[in-house]
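One structure, pasted below without further comment.
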Amino acid sequence: MYDASQQFASDNYSGICPEAWAAMAEANQGHARAYGDDEWTARAADRFRQIFETDCEVFFAFNGTAANSLALASLCQSYHSVICSEAAHVETDECGAPEFFSNGSKLLVAQSPDGKLTTEAVRAIATKRQDIHFPKPRVVTLTQATEVGTVYRPDEVRAIADVCRELGLHLHMDGARFANACAFLGCTPAEMTWKAGVDVLCFGGTKNGMAVGEAIIFFNKALAEDFDYRCKQAGQLASKMRFLSAPWVGLLADDAWLRHARHANHCAQTLAARVADIPGVELMSPVEANGVFLQMPDAALEALQARGWRFYTFIGGSARFMCSWDTDLARVEALADDIRRVMDVEK
Amino acid sequence: MYDASQQFASDNYSGICPEAWAAMAEANQGHARAYGDDEWTARAADRFRQIFETDCEVFFAFNGTAANSLALASLCQSYHSVICSEAAHVETDECGAPEFFSNGSKLLVAQSPDGKLTTEAVRAIATKRQDIHFPKPRVVTLTQATEVGTVYRPDEVRAIADVCRELGLHLHMDGARFANACAFLGCTPAEMTWKAGVDVLCFGGTKNGMAVGEAIIFFNKALAEDFDYRCKQAGQLASKMRFLSAPWVGLLADDAWLRHARHANHCAQTLAARVADIPGVELMSPVEANGVFLQMPDAALEALQARGWRFYTFIGGSARFMCSWDTDLARVEALADDIRRVMDVEK
Amino acid sequence: MYDASQQFASDNYSGICPEAWAAMAEANQGHARAYGDDEWTARAADRFRQIFETDCEVFFAFNGTAANSLALASLCQSYHSVICSEAAHVETDECGAPEFFSNGSKLLVAQSPDGKLTTEAVRAIATKRQDIHFPKPRVVTLTQATEVGTVYRPDEVRAIADVCRELGLHLHMDGARFANACAFLGCTPAEMTWKAGVDVLCFGGTKNGMAVGEAIIFFNKALAEDFDYRCKQAGQLASKMRFLSAPWVGLLADDAWLRHARHANHCAQTLAARVADIPGVELMSPVEANGVFLQMPDAALEALQARGWRFYTFIGGSARFMCSWDTDLARVEALADDIRRVMDVEK
Amino acid sequence: MYDASQQFASDNYSGICPEAWAAMAEANQGHARAYGDDEWTARAADRFRQIFETDCEVFFAFNGTAANSLALASLCQSYHSVICSEAAHVETDECGAPEFFSNGSKLLVAQSPDGKLTTEAVRAIATKRQDIHFPKPRVVTLTQATEVGTVYRPDEVRAIADVCRELGLHLHMDGARFANACAFLGCTPAEMTWKAGVDVLCFGGTKNGMAVGEAIIFFNKALAEDFDYRCKQAGQLASKMRFLSAPWVGLLADDAWLRHARHANHCAQTLAARVADIPGVELMSPVEANGVFLQMPDAALEALQARGWRFYTFIGGSARFMCSWDTDLARVEALADDIRRVMDVEK
């Protein structure tokens, strides 16, 4: 018997949210033109333009790996390089996709204890090598929220964007959990992106309640030239595009996207609060989005797994617990209780 | 007001079939492990192995362009070439995706009046150049059913496979409309593929009633080495994979896939029959799958468009009418009636 | 015993001309800075700017395949396409190098009986497909002199350049035998290139008397942005660059390049003249550069080979005879005599 | 006036050695078949087989960046990774060429204080990630001699090769200064390569006295399948190949290659000996090949530059001095004297 009970290994374990589902059901009426020449796709793109309060170019891709890689490839040539945090998903979990899509662009990795790039790190890496024997820095990519659950403030983004402008670099934002970052900050999507100097944003839908699908949003429209060809050639143009775009219409209506993100964030904060007083359990980074990163003894983590919990662990005795749009607070409490129990045994 | 009435421009205009939808709904219960490590994906792969009566390797990709390109890239290196029909989708409608995914493999195009490669054409192209100044032929790709609505018989596939073995070529089948070909031939999927010498099949789900998704099936399992890495790197690994695989479980149960294909084929044959006696309307190729290709005066085609019909036209006065799993026979009759009407005016 | 006697198979069979050799010898004194930061490279680039009477950007690559591919890759993205003649070296003899360097750009091939593209062909191909399912035309490439020994007149280049400007295409010239074309036309290098609308020229040195090396000349300097990085990444930056650039200094001094080309052209014209009256031997295209293309019976070609002559043959009974900077007119006469002899037998 | 006096910035500053020059001169007699189908190329390949005492496959490329990248690309797919030292030329000085030629293979970098990989480092990196979200390790590359002038002993290579076999990795050796390593160790080329488990060696000719050219030697012949096509497509097939291969014939005769390497090594050891007693000058790594790496105060390095010396400096106050086949010992003494002088001032 398969166990479909909620886990905290990934926010990808969750399913499709009601708003996305309803939109898909509605879109599944009759025929529609293919390849994005349909009303749902137009509506979704328009909705993004409203939410971001600007006339941006919007494209849809199947997943985050492709969205990020296509965006980065449009910002640089094969002999250029991309500056990112050592924790960046593009570096650690996309199997070389950015290098593949760009035909060889190198990722230059900055140390970043809390998952965030700093202006100092960007400047140091961008200026370290200035000769043709090393790929020329051309792009900076930020993850918002970061892979360790922290969130860039708009002024932090702005500061990095200023360095980018000074050094001739484009600024890309990997927003796989952009909704969670927005929910945390309480600022507008515009304030966190183009108003802060972001050229291109990959806005994640999957972790926010969709089955599949990410939006690539060019605030710098000149950089979007022929991007539709790029998506097509790279196998990222859906023929029945309405099923990628309609869920966005559902999610973006009535702030469902923000509501879901707030809920996931709240679950994470609840988990962190419940374990805050347990001796031997340390929070590794501040809980600002929907992830909780805990330092715990290996034996305790194993005991937790033995109790049926699934989560990612890292070398050195730490674990990641991700909350989703659909996370049940009762499961959070149950997890917190079990963490307390396994730590009790440790004593 | 958007018009969702049925059209014949593409079988991609259709929506999600009930069986796929129901499976998605069922899959959307609770949490599931990501990236294909879930029960639905295992079930779908097993179901393919049952249907093909062999222990093949099964992978899932988002669309046909990616499925074909990934499969071809796994069969050759950048300095190899792929032999295909001049009508092949990989040549005419994938925006250079095969070249992109393979990092440069060249497509060698054979003339093929009825959309089919022949053993003679394969041999002629494969042996024309044997020097290192031209990409070395390494793969033959067939489309089944072809882009002009014809279907390879198993012995035709077998004959080409024999030439492939003799000349050291792999054999790939683009089965975007594989179901339609099976429905037409009445043979087993095994007879049309690995028993006839096919190494890899891309089995199309989108045109058969899914929202998104194709299966890549390696009968030659050695060729599938590390193919999961290839998919991941190329942005074709779904995080919530169950929503790509569950629809297959729905489609492949109770022969729904064949039933839908038979219906689409039947609609195409009905259309062809209804217009067979109209003077000035010529069938361009035999109707064996779900497409009808008609030669008609340009003025008649324009008159048909003026009556609200959507279809693809080709230089020289011809048009493609595609039927889908959901095509309403009444719409077929209406289309046939209108073709008769616009041709009456032509007289 | 190896036979080093002169042949007509390729102008690549010739060695290094005295002027190039002397410059290499002179360059081989003492130490020089690496990677092009030396005086010889500066002098060679300056000399090109003098000869072309404009402030162009000059780069050096090892061979013609790389020079063409790098230049084309700098003019388009992977989802773009390149329009060329069916006889173009980039299409027929570079083993997919343009596709490899560009990561997938497709070559769109125009029929061209005399090896030349026409404005009509360019326009037809460039406007045939305007949808994202097919690579977007972005570059036109001409070979000057062509692969069948003909030469574009400046006004022919200008006419094609005008179409390019109208349609948003860049214009590239593969000048593997640019010197031979200049020698034939008697016009200035500027008139044949940037004054006629060429954006980038690959100027061949190897066939003109160098051991190795081609120059890539950007008249449109904006297109040369970061081209030095592109060369380096693609393995085309010589560490001891002076040995690639010094021969150019030798060749370009005192019009040696033109003198050598004139000699090769003269040999070709002599060969053509000597066989003009032989029944059964037909000139396939006008002899304008250093190649003679003859239609002859297969048996005669075989008899010629039996007499020790090496040359390329083509399906349908034709052969290519190439003359070089060092071709001995006595060998031309001997070849012509043997052609007459083998044709006598045919009678 | 250009200064051609000897410098120590790079062993690439040197010219063509007499043996290579003489062979080129001899090869420059009459015509020869193109693209490697000539006697010189056959002789050079045979000579390599003699020297390595095995029936290896030999190819010639223009430079080391291309040779390494082509070799690595033949050992892995785009979704694989290559383990190398943090100092490896492929990582630090080839502008992303390995990523470009392989279409995205990632370099995984090991810390290596003395420039050498260790079995522990290889094992740790190769086993750190075993999931499809990260490129699968497939190749280990060693540089022999290393970029900091140290040399792997045959048993060190053997130990790494054993780990490679155990973990399913290929072993590549970047031998840009292979001759210097051989000269230092006094072992046979076979002992240092295939007898120690190396699959493919890139043997550097440029730094050993050639104008241009590297040899790629496959001891594991199965890995060389279609490698000639790979070279051609990547723009690395010389048309007048004899001028790449003849210099090898010259260099490899009468142990000229070893003699030159021994001389360069001797010069380096002499320099190290001369400065060994200077207070404040520290040797950063043992002098085993032709490079001397010195830690010195920044002010002293600047003073040295002011006296006309050219050399590479690194952040943190260190400098590289490279000796060549043609280095004049008097220049070494003069350099040592000036180092002593500038350090005197420092006191």
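We call the chains A, B, C and D, going by the order they appear; numbering starts again at 1 in every chain.
Just so it is clear, a residue touches a chain if its C-beta (ideal position, glycine included) is under 8 Å from a C-beta of that chain, and two chains touch if they have at least 3 such contacts.
By chain, UniProt protein names: A, B, C, D = L-threonine aldolase.
Just so it is clear, the structure is predicted and the values come from calculations on it, not from any experiment.
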Chain labels contacting chain C (L-threonine aldolase) and also chain D (L-threonine aldolase): A, B
Most distant chain from chain D (L-threonine aldolase) by Cα centroid: B
Mean-CA-position distance for chain B (L-threonine aldolase) and chain A (L-threonine aldolase) (Å): 34
Length of the line joining the C-alpha centres of chain A (L-threonine aldolase) and chain C (L-threonine aldolase), rounded to whole Å: 50
Centre-of-Cα separation between chain C (L-threonine aldolase) and chain B (L-threonine aldolase), whole angstrom: 42
Shared interface positions of chain C (L-threonine aldolase), touching two or more other chains: 35, 78-79, 94-97, 100-101, 103-104, 132-133, 135, 229, 232-233, 237
Residues on chain C (L-threonine aldolase) engaged by chain B (L-threonine aldolase) in the complex (per definition of touch): 78-79, 81, 92-97, 99-101, 103-106, 132-135
Touching residues (chain side chain A (L-threonine aldolase), partner chain C (L-threonine aldolase)) in the complex: 35, 77-80, 103-104, 132-133, 135-136, 226, 228-230, 232-233, 237
Residues of chain B (L-threonine aldolase) touching chain A (L-threonine aldolase) in the complex: 2, 4-7, 9-10, 12-16, 21, 24, 27-35, 39, 61-67, 69-70, 94-97, 100-101, 103, 206, 211-212, 229, 232-240, 243-244, 310, 324
